[in-house]
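The structure under discussion appears below in the form of structure tokens.
Each chain carries a letter (A, B and C) given by its place in the written order, and its residues are counted from 1.
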């Protein structure tokens, strides 16, 4: 019997995507016969994609068996309870997109429906006052709910902010300790099978050749294998998402880190603000058609809270996706597979999701096309979900202060998104399709935060007594507030459990460590 | 159900009334209990300090804690402070409970040893015991039940007036139907064929017959010793103390929630704070010091004004080879004696009663029950014996003949092996059952200067700086949690102030 | 020359079966500083721990300790779940009974459930003891769910073992051990070199001339004990107590619906087993070669289980090697203790030995006291497993068969005799150190085989019979309501495999 098992996996590129893939393979392909090699060149350097993340990363860490405190400490990380959007619905406005949930449903009726009716009766606080993560974020507090935490604390969902360079280094340590072979070198040539086009090996500048059966292309925007060798093609989404440049700069900041990301709209784009333990990450994402690079840099530097800690770094990109994430025996991950701006911190999630799907559909040497097609279909869905959600942020605005915003407000949008907006605008209805990444809470937060307010609510709400509902809502709100006020401050929590100035303390209560 | 077993308990001290109360309470339909005691004989108020096990005994008897403590003028006890045992001037606490959280598969002290051996500055092990930390601060609070809380990591016992405990139990026993006869036993009448005890003849001429006789007659060991002549295993070559002089005094210092055990030139001295006074006593070896000299030394060392004349007691360390012979079960001093260095007297009584209840016979006794009882009692005595010898043997004290002897005496092989095992890599021989578990042995080993040369290799798994930080955090958490507790005195006043004496 | 205080640095594990790779993985994972090399020589057909993929609940703890999760096993090699064993035909006139790894009944206050069952049985007809075990009921119904954790549920907590295909399991362990950094050295042993001065093993000489030296040699080569045999041939035979000396193995197609219990069926001249591994149904027969010829045995298996023996009969010699850790060589698994697969203890014992070896890892000099501690616990554990296995024979009631009459009449070791005497009197079960099986397991087998205590233990008097009867009725009702709502094991496996994929 022929042995079709894949024995040699080669990862090209060692940024966040490369080392995430390497770490996952080290954990899940430790079958005694599959060898993973990662080729990276110190010379090329990496783009630190997305320093902010979303909650599914917790699952990734758990799958790898990574101790969370250890990981946060090693990456100068902080915790993130959601994103504060400033100036998106209109100038000077702000709203919060929290992780987790809004309130509790009552007798099968969605919370946001109850909220909508109540809002017609009286002036209501912002809906984020009914989110555990939202209220904790507002008070600068954080704690990690244990497995046995009860409501409402159990509703607190979180993700992380971290230094992507340190994250890659951390994962490199993990992967190398578990047998991943790292090769230093710059790839100068790619050898393909003349018939099938499959990549057979890559040649390094010093003449060495690395052969493989499955290649993971983590080489960044250029797509060394997926595009330069296989010419897979790219679908351009710039007509919906016109931003094509970013400038990043770290800065100092005083006081405790906020447990959330902030995204502030500017005239021709937006600015991110990501608090880490040792510094603030800042960046300006903009459309080069509407603002010059120098002007964009001036805007960024003028809007820092502290002193810059390095020279600003300029990046350019084209929003869109690789037509096939997996082509022949090459799977692209990270920027080589496509790019959507980090407004909702999805970059690392897309990598993670790609890895998980690849492990679930891991091929053998026969490379059955059915597995590849399934992978590509799922990745396309994911990219499009993210795209639509981001487009919503630009489109649902009252801003009229620049060409950029006027264009966004009036542009045509994908049909699926248009449908979604209409459904919500009528009676606040939302339907999550398939494995859509963003759930009801996220859509409701952005819709309401950006003035897509339903004209009416679902008739089912009228079966519930108004006063009883009013009372229940008030109790919920109070419970979130009381719970949040009892939590330690975010800074305190970090100092006690995962400060970067030292390793995570051994936990004597459980007898465990990383 | 068979016929009721007629029990005759001889002796009405702590052992006698504990036995009587437990039997009538727990086996109400199986037995009738008749206790004989003589007020003329008086009782030895053994062990005013106890071990945490007594709480489950009280609970089974339905005794309400606060009432009991108030009645016996009791205080809380978190452990024992040993002064001057490893060497003069040293002190350590043997706490009830664990070091650290007592969680995980690897003992806490192994991590502690690893850090110490790596040159990391780590506080004494005692500071990682919640119980010892509270004790040193003279604070107290009932432990928590949530196992993730530091406040669940300690246990407690009582220090109480033993002369008030027996009457308290007597009231319970008599209420539940135990009979009591006052008087002296003058003859033990045995069946000529079987050899079993059939009855006792009292000074009054009354004959008290029974099926099972419980010998709680104290050192005199009226039944198992005198009547049956069960041999006594003498352990005085390992535990040479054979006298104690006891004398209460007024309390002058803080009301400590622990017992004090202070090394003396020819033995040691106890200090047991009750609500109304402090109990003191000098336990010594008559080979090394005269009674008068011992009395003077005690009087000179107590902290407050004496409130009674010193009283002298004589004993010998060891035990009867069997505690249950034919139809006679010995409980308490009648079965054996181990000095109260680790407050085991009442514990041994309690265990004998527990096993008797568990193995309660019919009128016709089967040998398997008796054998099992004796197997269990042997195990209890042997384990405590080794633990006590350790205290004497693991010392650097020298200069007095007493300490020179115990430091250099040959010890039982079973103990020598345990000590050597600890010296190498800090390993403690594990037992499933028995009174002093791992943490107790660790406390005494380290407290008395038996320092391991290495540690369990499994403790090398976590990164050392993570361990150091965890240790620091634990230390801070313990101090913080302890500082939030009320003082021992405050807690007593609120919970169980002693009944005012008319 | 090695000396005190120097930790072990290098270990050679001989044996390429499940036991050898498990030992290597555990050593490497728990003591990361060790260099571990496996010499994967094949083990014999009589190395039962290497070839029987049926495990006790302890397997999960072992996996957890070395970093393998249940999901890993399920996802990589597949497994089925087992809740216990169904014993069929062990006593004439009695129904089959189940030894399950969960509670039998519920303690009432502080009193064990089985004592209440005995009282009820004395009072008249009572449903079988195992009908009070929700785990047994779930097992009989071929259903399975994981423990539910809710304190009130009859399925709140119970143990379960895994069944795995031995070959795939061995491959998984090998891959995992290599992944952890264990080295593999191919070859066969041509000779064993001893150190002149102390008789320690110096090196294994391989056929290609390589010398494999190490500080410690772990012998996982099965009953042949290839390494240990070079320095010591002592063997304590248990054939007086456990007479079976021959095993016959067979295989059939896997059942579509895996049962949750394995079967141990008594036959006139031995017993046979049946266990649903993920990819096949494993069968076997245990018998005494002097009483049953091999060809007859094959026919017995054919007629009783309708399977063809897959290989020649395997000879086993039940017993243990004294001092399993001798000098710098420790025997693990069947090399240390060889018993028949009744109650599936072979791999469990190997895991327990591995765990103990890691916990008690001595220094390079292998001092007497460290080995003493290891050997003491190992002996206690082995003897009680022997007792538990013999218990099945000693209390089996098949007086019509010579084989069973002889087995029941065999002399008993003292510890088992003591256990049986106590149980027959009033249902008491003594605890020894290092017990493998809980009191619940002992009671399940004893009562399942019809050993009825002579009397009711007085200790349960405090719970009136009516109250106990009500509690027993309620429990049976809860069990009969709960079990039918559970999924079949097959459905449950499909469900968890599918949700793990998501």
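Definition applied: a residue touches a chain if its C-beta (ideal position, glycine included) is under 8 Å from a C-beta of that chain, and two chains touch if they have at least 3 such contacts.
All values reported here derive from a predicted model rather than from experimental measurement.
K.L.:
Based on mean C-alpha positions, which chain is nearest the centroid of every protein C-alpha shown?
P.N.:
C
K.L.:
Among the chain pairs here, which one is joined by the most contacts?
P.N.:
Contact tally peaks for the chain pair B-C.
K.L.:
Express in whole angstrom the distance between the two chain centres, defined as the mean CA positions of subunit A and subunit B.
P.N.:
62
K.L.:
Between subunit A and subunit C, tell me the centre distance in angstrom, where each centre is the average of that chain's C-alpha atoms.
P.N.:
48
K.L.:
Compute the distance, rounded to whole Å, between the mean C-alpha positions of subunit B and subunit C.
P.N.:
Computed from C-alpha means, the inter-chain centre distance equals 40 Å.
K.L.:
What are the residue numbers in subunit A that touch two or more other chains?
P.N.:
none
K.L.:
Pull out every residue in subunit B that's touching 2 or more other chains.
P.N.:
105, 461
K.L.:
Residues of subunit B touching subunit C in their complex?
P.N.:
Touch residues, subunit B against subunit C: 1-2, 26-30, 60, 105, 357-360, 362, 366, 368-369, 371-372, 375, 417, 420-421, 424-425, 427, 429-433, 453-454, 456-458, 460-461.
K.L.:
Touching residues of subunit B toward subunit A in the complex: what are they?
P.N.:
100-101, 103-106, 108, 111, 148, 461-463, 465-467, 469-474
K.L.:
Can you check the complex and tell me which residues of subunit A touch subunit C?
P.N.:
Those residues of subunit A that touch subunit C are 30-33, 65, 178-179, 360.
K.L.:
Where on subunit A is subunit B touching in the complex?
P.N.:
70, 496, 502-514
K.L.:
Considering the complex alone, what residue numbers of subunit C touch subunit B?
P.N.:
On the subunit C side, the touching residues are 4-5, 7-8, 30-34, 65, 110, 358-363, 367, 369-370, 372-373, 377, 418, 421-422, 425-426, 428, 430-431, 433-435, 455-459, 461-462.
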